[in-house]
Structures are given as structure tokens and as C-alpha cells.
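Which chain is which? They are A, B, C, D, E and F, in the order written, and residues in each are numbered from 1.
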Amino acid sequence: MNKLSHFDENGQAIMVDVSNKPLTARTAIAEGRIYVNQEIFAAIEKGTSKKGDILGTARLAGIMAAKKTSEIIPLCHPIFISKISISFKLESKTCSVYTSAETKTTGQTGIEMEALHAVTAVLLTIYDMCKAIDHTMKISDIRLIHKTGGKSGTYNIGDK
Amino acid sequence: MNKLSHFDENGQAIMVDVSNKPLTARTAIAEGRIYVNQEIFAAIEKGTSKKGDILGTARLAGIMAAKKTSEIIPLCHPIFISKISISFKLESKTCSVYTSAETKTTGQTGIEMEALHAVTAVLLTIYDMCKAIDHTMKISDIRLIHKTGGKSGTYNIGDK
Amino acid sequence: MNKLSHFDENGQAIMVDVSNKPLTARTAIAEGRIYVNQEIFAAIEKGTSKKGDILGTARLAGIMAAKKTSEIIPLCHPIFISKISISFKLESKTCSVYTSAETKTTGQTGIEMEALHAVTAVLLTIYDMCKAIDHTMKISDIRLIHKTGGKSGTYNIGDK
Amino acid sequence: MNKLSHFDENGQAIMVDVSNKPLTARTAIAEGRIYVNQEIFAAIEKGTSKKGDILGTARLAGIMAAKKTSEIIPLCHPIFISKISISFKLESKTCSVYTSAETKTTGQTGIEMEALHAVTAVLLTIYDMCKAIDHTMKISDIRLIHKTGGKSGTYNIGDK
Amino acid sequence: MNKLSHFDENGQAIMVDVSNKPLTARTAIAEGRIYVNQEIFAAIEKGTSKKGDILGTARLAGIMAAKKTSEIIPLCHPIFISKISISFKLESKTCSVYTSAETKTTGQTGIEMEALHAVTAVLLTIYDMCKAIDHTMKISDIRLIHKTGGKSGTYNIGDK
Amino acid sequence: MNKLSHFDENGQAIMVDVSNKPLTARTAIAEGRIYVNQEIFAAIEKGTSKKGDILGTARLAGIMAAKKTSEIIPLCHPIFISKISISFKLESKTCSVYTSAETKTTGQTGIEMEALHAVTAVLLTIYDMCKAIDHTMKISDIRLIHKTGGKSGTYNIGDK
């Protein structure tokens, strides 16, 4: 049994055939986090409320990156995306920025990679904008937390 | 004092002026990790030695993504890249794949974001290729571990 | 009431959810104009009939740009485009080139931005090809003149 | 004498040979304007100061578009860009948003098209974000107002 | 009668209107070949079985290029691609590598250009990876060998 | 001895380190050919002189594709291109269109792949525009015929 669907029976990479799959509504939510030092945390907090809008820039980076997922991930199908939204939580206790991305499509393949790609672009953009202060930031805990649609159906992290 | 160089004095996002900076040799190394379950770990190990080459695909994704960094990160300068290489370590103890990316340029801006972007593309590609088996993978510990060149000079993680 | 559909209830940019909208046939026509000096006007006229085909190059630029609209406009949905055509009128009285772009799709979102983006790419390309003669050209009067389909239905300039 | 440098002696389109030109510092400033109705003008004004940041989104669109200029304009050389910044003025008298883009490079070709392309992307993004309110917006008055560097030297609008 | 569908009745390039065509299942297979010298042939053979995986790299290049077809071919419609796979045959007698690409979609336009574009990207990538040994390689015999779907129906090379 | 410079000592794909190579002037010329049937040959001939400008469209496709070479060929360095030009010969005897592309740069790596990539984009575009008439066209004889610059110096086909 071949569970790695991105390879054919000879172990060669393919973009898998989804031509016989029905069009179904699909959603995905991914999350991730960047740990920063206190000076950066303060700058992000301040920037968000007043000026130097780091998170606003990162949000757009995430939305635009989701649209480029199939250019970055070699075996991803190009798909129509019907929604992308990005959320943030500033967590002072852990000195980190939490982000999540929600994506939707109606299609023959899932929309998980678009949500995950949006999250990484958001976090890399925060890194880029803050690295003049300090390089020790760490991007972590990127994972899928929810999906619906497709043959494998609904998934919620913690279900298993 | 404005330490967030990606904003002007009014807090507006800019692509910072590097026109007066000298061309210097620059290198960067970034790292990251994806935690997988045992079935996926075994598939990656097997794939690498025989067929279904997951890491080979992920390596190319990382190299190609590094070239697209300034398209994904809004305020990154487009730059010439003179080297990109990707390494892997399979760590059975933690059931994770460790990756690092090394980038080089001679230019007016740093090459850190290219190394970090390569690492995230590598890890997302592994995720994509293995998600048919299990969705609980987690991408973590993405950070810069070394850089040389530029005004801020050499940085090694742990230096601080 | 929130009329700016590109922001959520907290004023954060989103790519709006169109997943519940029906697929409908949509068309759009946009127009624009570039004012040039007499030497350039003569070169364009001559080029079109004989050689140095400025308008032919600009037409292709417009068609190709329409396909890249969702890469340039941050909150635009990527969509299938079923038709793009570009027209020109050389207006000697005003020493200007008039262009219009017509686009079609069957989808969940409109095709207006693709027509407008095609028009700007056409005009910028004319600018680029003629700027060795003179830099005082002016691009103006870019607007939507017609659209059909979608919830807001048909629009014709001057209707209002 | 062939003043249309984008065509060879047979009138065929070429990307002109700049290999013998020296590397020189170059700057460009372009401007443009979008005329909107009063409801949109109020929304932009409000959005800028509080939430629903239309101009912040448009600014990033302009910066990212400048980096894609050689993909959109067929005969443009790909170049390194060392600075991009975008400014706005809200002009209540004419119910319009004025924008200007400043670009810099050190290279063998000019940076004017990048500034002009940034301006059009900014204005199209404003259009996109406000079109749910009203479609009668008009984008106008896009032109180069200043450039330095290169064989043709400094240009200021009005000089001629 | 105008058989060149990419031009309108005035001979102007257009992206043809497919908005009234039904969505149909479509497939295409294209093939091509690169002639190399014996040293390169041996390197490819060896690389494939052990290390320095030239064909694996070329395969991914072909898959990724298929997704970019409408960016490279000016009048191609952007389309959803539901499958891409690449095959190789090493032919020692002619000292050449044979490749074929199979593509599928369900859409209003054909998928032939995606298969042909994949084949050229595969062959160019082999060229790129082997050119340090010898520059006399030749890429040849690129053609469509099979297609199904659309108004013109099934085509097999040799049918005619 | 490792002659396949796109692999490291472990046989892993890398974008080779050119950071220590000097900037040198480099040129390349590549050629290729498409064999068509007589009806297509006549259409191309007619189109070129009057309307339906197939070769003009193909020329622009080639120029624009050259700029995208490092996006299509995985291990190619992104480089500045200082010239691209495309030539055609219509050869009635063989019922084929011959094309050649000339490229120039001053850089640390060669410009051969850009010339070869331009040639394939030119030929694929001709194919695309003529395929409504007949699918039996064949793209062949793509090769490098001349290069200068770099460590390996000048190469002319037939030298060897």
C-alpha cells in the first residue's frame, strides 16, 4: 500500500491525479508563533496600536503568500482560494506573537498548505521587520489545527 | 531612536535605502525542524535511501524558494544569490527531521531572510508530501544560527 | 454597516469570503489614455503601420498583466480568465493613445480589476518604449466603463 | 536616426544592450492620483487614522509591485532596487488621493518604470478596496516628476 | 476563414474567448529528447541509480514549469491542472534521454501547452546540470503525441 | 573528480557557490527550430508581413521568458541580463521557422541558459498560436551555438 500519494508506484514524484475527485467545500486553519525579546515585543505592541504597523504588514504578506503556495511547494496543485484571513495574539507571558490563518476553497484538493504557507510568511515577515533589533527570534509551533472537506473529512488537532 | 528600520520617521513601511552601503560578502545559515510520527519518519528514512525521495524534493523546494524570498517578504530587497545549499539530519530519538540552509551573496543587504525562507519551504514541502499519512506534524525551531558581513558583522547563536 | 468589504469587523485586511457566492458569467471593460508629445505620437502611428510595433508590444503586456492581477493587487482573488482583448485608438487632436481592455470570467468574483490592470500595463509599456524620446508623457483617465454579472449586476459609466 | 531604443534597426522589439553602460546612482519619483466620491474619501480618511487601513495596504502593494516591474513591462531590464518609498496626500478639495513613489538603484538602466509601476499598483489597490462602495473612481495624472542619473541626466517636470 | 484563433478579425493578438465552452475532461501527453555525449550519458545513468539525481531534479522542474505555463506563453489561459507526471527513458544506442509529460485538467481549454512546457523545462534542466561537462547537447523532437477532450477531440500522433 | 557542479560531494543538489568568481562580460547565442505544415508556414509568413503577427508575439515571449529563467531551471542563479534579442528565419525548403536568441550579462555565472530558455519559449509560443490549425508541429535542434566569458571561455559550435 502506498500512503505517500506524492510518489507513483516507482517512487517517482508526481502531482497526484485529482481529476476524478468531486468539488467539495474545504476549510483549513493553521497556527504558528514567533518568540521575540522584550524590546521587539514592545515595538510590535506599540506599532500595532499607533504606528509602524508590523502586524498589518505581516498580515498582507500572509494573504499574498497563500496565493503563491503552489509556486513554492513543488507538488501542490494550483487552486482557487475563496477566503484568507489572518489573526494575531500578543502573548506577553511567553514574549511571543501567535498567529493563525484560515483559508477556504471549493475544489478537488485541500487548502491546508495554503493556510500553513500563510502562517510561515506572516512569521518570516515579522522576523524580517524586527531583525535590526535582535537576531535571536525563533519561529515555532507551526501546525494545522483544523480542516474540513475532502475524502479524509474533518480534522481537529487533539482528536486523535 | 528608530530601531525598526523598515519604517520611516512617520511609522510608514518602506523598503529601506541601502544605496550608500558598500557591497560586502555575506553569508547566513538558518535551521529548523519538523516533528513527525513514527510511520512518517520511517517513510522519510526509507525514501531517502531507496525511492520516494522526500528530502530530495524538499531540498529543491528550499533552493527555489530562496530565490523567491523578495516576492514573499514584502520589504525584502531583491538580491543576487551566489550560493544556496540545504542539509538534513534524521533524528530518530525525537522523531524529527532537522534541516539547515546556507546562503551567500555579495551585496548591500543581508542574506538571512533567504536562508530562513529556504528552511520554511523545505519543512512545508516535507509536510505536504507526508500529510496523507498524518496531519499532526509540527514545524518548529526555525532560527538564524550564523551570519557574516554587513554593518552588524558576524553573529553566532549563543553569542549574546 | 461595513461597506469596505476588504476589512473584517475589526478593520483588519482580509481576502473576503466568496465561497457561498454562485458562479456567474462576468465581463468588464476598462479604459485609459496616455498623452504624448507630437514626435512620440508620430512614432506610434508609424510603428503601428510599418515597423517598431509599439502598440503590439503594449497589447501583449496588457494581456499578460491581466493574468497577474492577483499577484499585484493584495486582496484580489486569483481567478480563471476566459477572455482578454485590448483595443487602441490614436487620437491626433489630443495627441493621445486611448486604450480599452475587455475581460471575461465565470466565477465567484468580478473581473474588473483584471481589466483595469491590463489597461495600466498597456499604458506603462507605451511609456517605457517611448521614454527615450521624451519623459513628459502623462497616463490618465483610467476607469471602469462597463461590467456585468455578480450581485451588484450591470454597471455602465454614466448610469449613476 | 532611431530614437525608439526598444527596437533594432529592423523595427524588431529588443531588450536593449546596456552592457557597456557604467553603473551609476539613479533615482526617480513618479506621482498619480485617484478621484473618488465623498463616501470613499471619508472612508479612506477614517481608515488611515483608525482602522481599515486602505493606504497602508496600498503602500505595500506599491512597494511589492516595484519589485515586479520587469515581469510586467516586457522590455524592462530586471534590476536591483535599493530603495522604495510611497507617500500620500488626501486632498479634500478635489476629493482625491495623491500618491508619489520614490525609487533608487545603482545600475546600468534607469529606475523610472519602477516608480511609475509602484504608483499604478498603489492606485489600483485603492480602487480595489473601495469599489464595493462605488465604481466611478478615476485614476489619473500618472507621470514622472523627477529623475537623476544615467546618460540623459537629471529631469524635473516643468524643466523643459 | 480565420483559423488562427489567437488573432481577432483585425489580426490583433487576443486571449480567445472560451467563456461559452463547456468544462470537459482533457488530457495531453508530450515528448522530447536530449542528445548528450557519452560522459554525460554515463553520469545521468549513474546519478539516477546512486547519487547526483539529475533526472529527479529535472522531473520536479517539469512539474513546477507546467504550473507556470500561462506566465510563459503569452496567450495561454491560466488553468487548473489536476495531474502532472513525467517519465524518462535512457537510450544508450542514441546516447539520449527521452522524456514524456502527461497532464490532465477539467476545463474550458486544452492542456497541451502544459505538457509541452513541462517537457522543455525537463530538458533544459538536464542541459543546465550537465553543461559543465560539455556544451554540445541538443534538445530535439518535442511534440504532442496524444490528447483527449475539447471540441477537436482525441488526437494521436500518426493518426493523420 | 566531480564534474557535475550542481551536486556537492554527497551527490546532493546545490546552487553552486560562485561568490569567489570575478564579474566578467558574458554572451551566449542559442538556436532552435519548429517544423510546421504548409498551411501554418503560409500563415506565419503572411502574418509577419501583414497582420496576425505570430513571430512578433513569439519574440516578446522569448524576451520575457529569458528574464524568468532562474524561476524555471531549479539550480540556475538569478542574474542581471543586459541584453536579449531574438531573430527569425523562415525556411520554406524545410517548412520550418528557425530562431536564435542572443543574451548578455556581466556577472559571476554564464548566460547560456537564458538564451536557451528564450529559444524554447519562442518555439512553444509559435506552437500555441498555430495549434488550432494542426498539432503535428515538431520543436527541434535547440542548442548553444556560441558563448564567451567565464572560466571555460569562448565556445563555438563545431569547435570541438
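Just so it is clear, a residue touches a chain if its C-beta (ideal position, glycine included) is under 8 Å from a C-beta of that chain, and two chains touch if they have at least 3 such contacts.
Which chain is which protein? Per UniProt: A, B, C, D, E, F = Cyclic pyranopterin monophosphate synthase.
It should be emphasised that the depicted structure is a prediction, and the values quoted were computed from it without experimental measurement.
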item: Other chains in touch with both chain C and chain E; value: A, F
item: Chain pair, A-B or A-C, that carries the greater number of C-beta contacts; value: A-B
item: Interface copy of C-D among A-D, A-B or C-E, judged by whether over half of the contact pairs recur; value: A-B
item: Centroid spacing, where centroids are CA-atom means, of chain D and chain E in whole angstrom; value: 37
item: Geometric centre distance via CA averages, chain D-chain B, whole Å; value: 31
item: Rounded Å distance between chain E and chain F, as computed from the means of their C-alpha atoms; value: 16
item: Junction residues of chain B - those touching two or more other chains; value: 12-13, 53, 56-57, 60, 64, 68, 71, 74-75, 80
item: Listing of all chain pairs that touch each other, if any do; value: A-B, A-C, A-D, A-E, B-D, B-E, B-F, C-D, C-E, C-F, D-F, E-F
item: Partner chain D, residues of chain A touching it in the complex; value: 53, 56-57, 60, 64
item: Residues of chain E touching chain C in the complex; value: 8, 12-19, 70-71, 74-75, 77-80, 107-108
item: Residues on chain A engaged by chain C in the complex (per definition of touch); value: 25, 56, 59-60, 63-64, 66-68, 80-87, 104-106
item: Parts of chain F lying in touch with chain E, wherever the complex brings them together; value: 3-7, 10-13, 32, 39, 43, 47, 50-54, 57, 60-61, 64-65, 68, 71-76, 112-113, 116-117, 120-121, 123-125, 127-133, 135-144, 147, 155, 157, 160
